[in-house]
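Listed after this line are the structures, all set down as structure tokens.
Two complexes come next, and they have one chain in common, chain A, joined by chain B in the first and chain C in the second.
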Partner chain A sequence: MSVDTTTSAGSDGAPDSLGTDADAEALVAVFRRVLENPAAGVDSDFFLLGGDSLIATRVLSAIARGHGVELSFEDFLLAPTPRGLAGKIAAAR
Partner chain B sequence: MIDVFTESVIRHPDRPALVHHGRVLSYRRLHELANTLAGRLGDRPGVVAVAATRTPETVVGLLGVLASGGAYCPVDPAFPFERQQAMVKAAGCRTMLAADSGPATRLGLVPVGLGPFAELPANPAELAPTGNSPSHRAGPPAPPDNPRLPAPGRTAAGAEDPAYILFTSGSTGRPKPVVTPRRAVSATVHSLRGLFGLTPEDRVLQFASLNWDTCFEEILPALTTGAALVLDAEAHSGSFPRFLRMVERERITVLDLPTAFWHELVLHLAEGGPGLPACVRLLVIGGEAASPARLADWSALDTGRIRLVNTYGCTETTLITHAVDLHGPGAPSPGREWDGRTNAPIGRALPHVVQRISEQGELIIGGPAVALGYLGLPEATADRFTLLGGERWFRTGDRVSSSPDGVLTHRGRLDGEVKIRGIRVDPGEVEAHLSGHPWIQAAAVVAATLAGRSALVAYVVPRPHARTEALDTEVLAYLRGRVPGHLVPSRITVVPELVLTASGKVDRAGSHRRHTPPEQVKGDLR
Partner chain C sequence: MSAQESAPGPAGGRPVASAVVVGAGLAGLTAASGLTAHGIEVTVLEARDRVGGRTHGLQVAPGSWVDAGAAYLGDRHTHLHALLAELGLKTTPTTMLGASRFALGGVHATRDGRFPPLNAVALGDLFEQLAELTAAVVPEAPWLTPDAERLDALTAADWADRQLTHPDARLFFPLFLGEMMAADPADVSVLHMAFYLRSGGGLRYLNAFEGGAQQDRVAGGAHQVCERLADRLGTRVRLGEPVLAVHQDAHGVTVRSARGEHRADVAVLALPPLPADAVEQHPAPPVRRAGGRTARGCAVKVHLVHPAPVWRDHGLSGWSVNAEGPLLSTVDDSPAEGGAGVLTGFVTGAEAHRFAALTPERQRAAAAEQAARLFPMLPEPVGLHITDWVNEEYSQGCYAALFGPGDWLRHGPTLTAPHRRVHWAGTETSTEFFGLMEGAIRSGHRVVAEILART
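Entry: the complex of A and B
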């Protein structure tokens, strides 16, 4: 998965906010790939772009592999944007 | 059904029946709780609405309703209130089981309390099998508000009496209640115990929502065998690493997953990492066509020890009517590598199933599995349930072909019905709800492959002078307030007009082709 390489460089040892920004950017790429929608941005709501609980598992798997954090579907519902999920990742680390 | 459950209780009183986050309910205790509840419901309570959640309480509710001679009618507390109202009205419920009286009161039904059973013993070791001694140490006494423990079968509900009422999609926009009699459930569950090869050693994961019939495939064969039914929130966390660890921790031997979820699981497994734990011996899938690509991925993984069984069935023909081993030790050629192009068959008829294939290739099901019909809808019932040679048959609407050994392959639908996350959807139902919005003049709904899965796509034509900016978001919010999630389209596109057929009807596929960017028109249009 592309996430692995793009995020580890950005978040490694970087200050928190920079790490979170890099995570958010990486998640934009995940959203675009999973939703097959190049228009997804850092504040795009996954569920308004046609996402559902089924393909949300692909985003959660990408986060588990790329960021080593096992978020749940509930976390996703509370923060359904790349920026929001990056915050959840930072909080879980 | 209840009699077979009672036999399990007599044979395995101290074995675990329900396991929930490490807490265990023995067969004896489950039997007591179900009978207590049946006593509280009274004799023949009719159709009982149950606020169904993935909890031991709901399973007790199901068994209690069946033991009282009533019919189980699950009402998802997460559904919009209007939908819940329409469901209990269509099913003719008078009573509702829930943890508190709120839901019943709001729906105008008589509330009956359901748990919680705080006194569940927490230590599974207490429930180790103790032979045939009539042990009383594992289960606390029945609650004091229970004046009698009625013997199961006291009402002797008849074979033609309903066991449950579930809803399927109808073009009018109103939920369509299917009435399933007890003989259909008994015959099917008997076949399923054989198909799954269940033993008391098995531990079956309760994955399906207790609001859909798939849950009975998990609950009833397990509890009539003496096996353990395992409920665990980690099954629904959305995280596959957590899901796989839970399967290993709970020593799950049987998984019954919606095909759409299995597709995602295979995608996850194919990317590396820990595979399915060694405890899993059987994986049952069903609900929609198995993807040839995922099947190829699965057969290339280290999964040869696991029976992968594809299943087919309709709500109107009770759970599962057809099944076949696709891969693993039960398959005709166990090590077969699927090539990524071959469609998976849906299976051969289970022992209790009688079938015909019409000249048009439509699969028609007879025998004990056929439901009683759609409650209060004689025309819709006559349309799908037909008399042939004095017997009742159900027209599935599915076209099939048969191989010489009786294994069927699906060849499409005779009508416009589609499957979304394993749930049947009549696009007409979604169109009816869309057209109920004051700003919408006409709507066309199709199923398309979006992001690698089957999803609903809607095209809406606004009324003259309607505000069209953000109309798609407005309509999405409108639908979410009225219908369950599987009826909400993944994409709503506002268009100036729909494509019509020569006879003036809306051409769904034509509208989709005209209004979708060419690179997005792919997959099945049905």
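Entry: the complex of A and C
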């Protein structure tokens, strides 16, 4: 859990699949940090791993800092996996 | 500490044979039960005409009880669960199905789930910062936390002024702290805030109903725990006997109450810090239990009683969060056995002081009017109960005492250290689940171990 979750991926901003994969990997690290669960992967459902609305906002905060994109709580509910959120980030850019 | 460590035993190496326990809340009665089980002769002195301390039952309909004080528990509250099992008490899950109501900053909304209609990124920034503070705390010794001096000197209100920029975060922070720990941010140090959140299991656990610290209630009311413990202790528990003074000498303690004197080998003061300091002691303890900035936990509980939980028929859970008081949040606390629909309103933090200063008529009118705005489908409540813990003489606040600037550095190192023959219990002496029923019970167990170890 030593991955820096706040400054990686996404600064180039290109909504290509490579950027999306990098964003998804960065989000895996965020999921692991806020859920305190090293088992989270790119397709892990945040809520099935014990996440709730309070810590979901921490993911949104990390996305805003690390990727420069402000997603809403509803965006999160529609795509509560690292891969899904990476798609939302790409769409918002 | 050396004075306490070298304190003499009861009488030249003989084990403790008798104890006076002051306070018949969860901590005192847990301690008294444990001491009794080890053959120690125990007298429990309780100031009120009831046991329970900050747990208290209200009968809202025949056979239907709600908690006017401490109410909730989670799976991590293992000592409380064990005690419930021992006493033959069951738990019932808190109900949270349906939509929530929000009245925040002029926006009135009905939404699924508990998430407020505020900027999620701004709230996330707040929780990220709180999580960082919480993770840095040394939970068993908060005064040893890195940067403890600065964190202990700064109030949570000052911290919020500096750290929170978004208006939604500034709006939500005092509501959150009120709900979590019944604190006005101006009353607690940053160190105490971070410690409290950590001690209770962290932000997520302390905030959550399902899977968290509010997962269950005691079926029939949490007050039954103390009532059953007191029943087993029988005539050892003396009600209506407020303790005025504890004098100790080389051979024992003399506990003086309004009704007489009790002599024993040791005493246990199972009181919150502010009432504990009201007991005169000779010799005086080296450090008082409360400092100049130790404040009362700010909670007033309001129960609106209806014949049935009719909000559920309208798809509402009963949960609401409101920027304007007096009811900063409401929750469905209807007794599981039926008989009534009960909405519990929480008046916390600075709002609790304002509300507590009103006349009873104005309190009732303000609570009923707000409930009618939040849940317009509700008829007039058939009952309305207000429990003001802020002004309870023998609790002086609820959920727990609020440690203000300076408190942890000054009091922390001697939080549990016996003052010669006087031992300390109470949820404020437990670094695990501080402020909760679980913390009170753990403190009672700790005191039993301390006393058994004396020779």
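In this text, the second predicted complex is superposed on the first by the 79 of 93 C-alpha atoms of A that agree within 3 Å, B and C clash if a C-alpha of one lies under 4 Å from a C-alpha of the other, contacts with A are read in each partner's own complex, and residues count from 1 in each chain.
The rule we apply is simple: a residue touches a chain if its C-beta (ideal position, glycine included) is under 8 Å from a C-beta of that chain, and two chains touch if they have at least 3 such contacts.
Please read these numbers as outputs of a predicted model, since none were measured by experiment.
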Task = Report clash or fit for the pair chain B and chain C bound to chain A in the combined superposed model.
result = clash
Inquiry  = Quick check for you: in the superposed arrangement, does A:Leu54 touch first (chain B), second (chain C), both or neither?
reply    = both
Message = Looking at A:Ala92 after the superposition, I want to know if it touches chain B, chain C, both of them or none. Which is it: first, second, both, neither?
response = neither
Message = Under the stated touch criterion, which partner chain does A:Leu78 make contact with: chain B (first), chain C (second), both, or neither?
response = neither
Inquiry  = One more residue to check, A:Glu70. First (chain B), second (chain C), both or neither?
reply    = both
Inquiry  = Considering only the contact definition stated at the top, list the common interface residues of chain A for chain B and chain C.
reply    = 34, 50, 52-58, 60-61, 64, 70-73, 76
Query = Can you list the residues on chain B that touch chain A in the complex?
reply = 236-242, 260-261, 264, 267-268, 271, 273, 421, 450-453, 455, 473, 476, 485, 490-491
Key: chain A residues within the chain B interface of the complex   = 1, 34-36, 48, 50-58, 60-61, 64-65, 70-74, 76
Note = chain C residues touching chain A in their complex are 113-115, 120-121, 123-125, 127-128, 131, 203-204, 207-208, 211
Message = With touch defined as at the start, can you tell me which chain A residues reach chain C in the complex?
response = 34, 50, 52-64, 70-73, 76
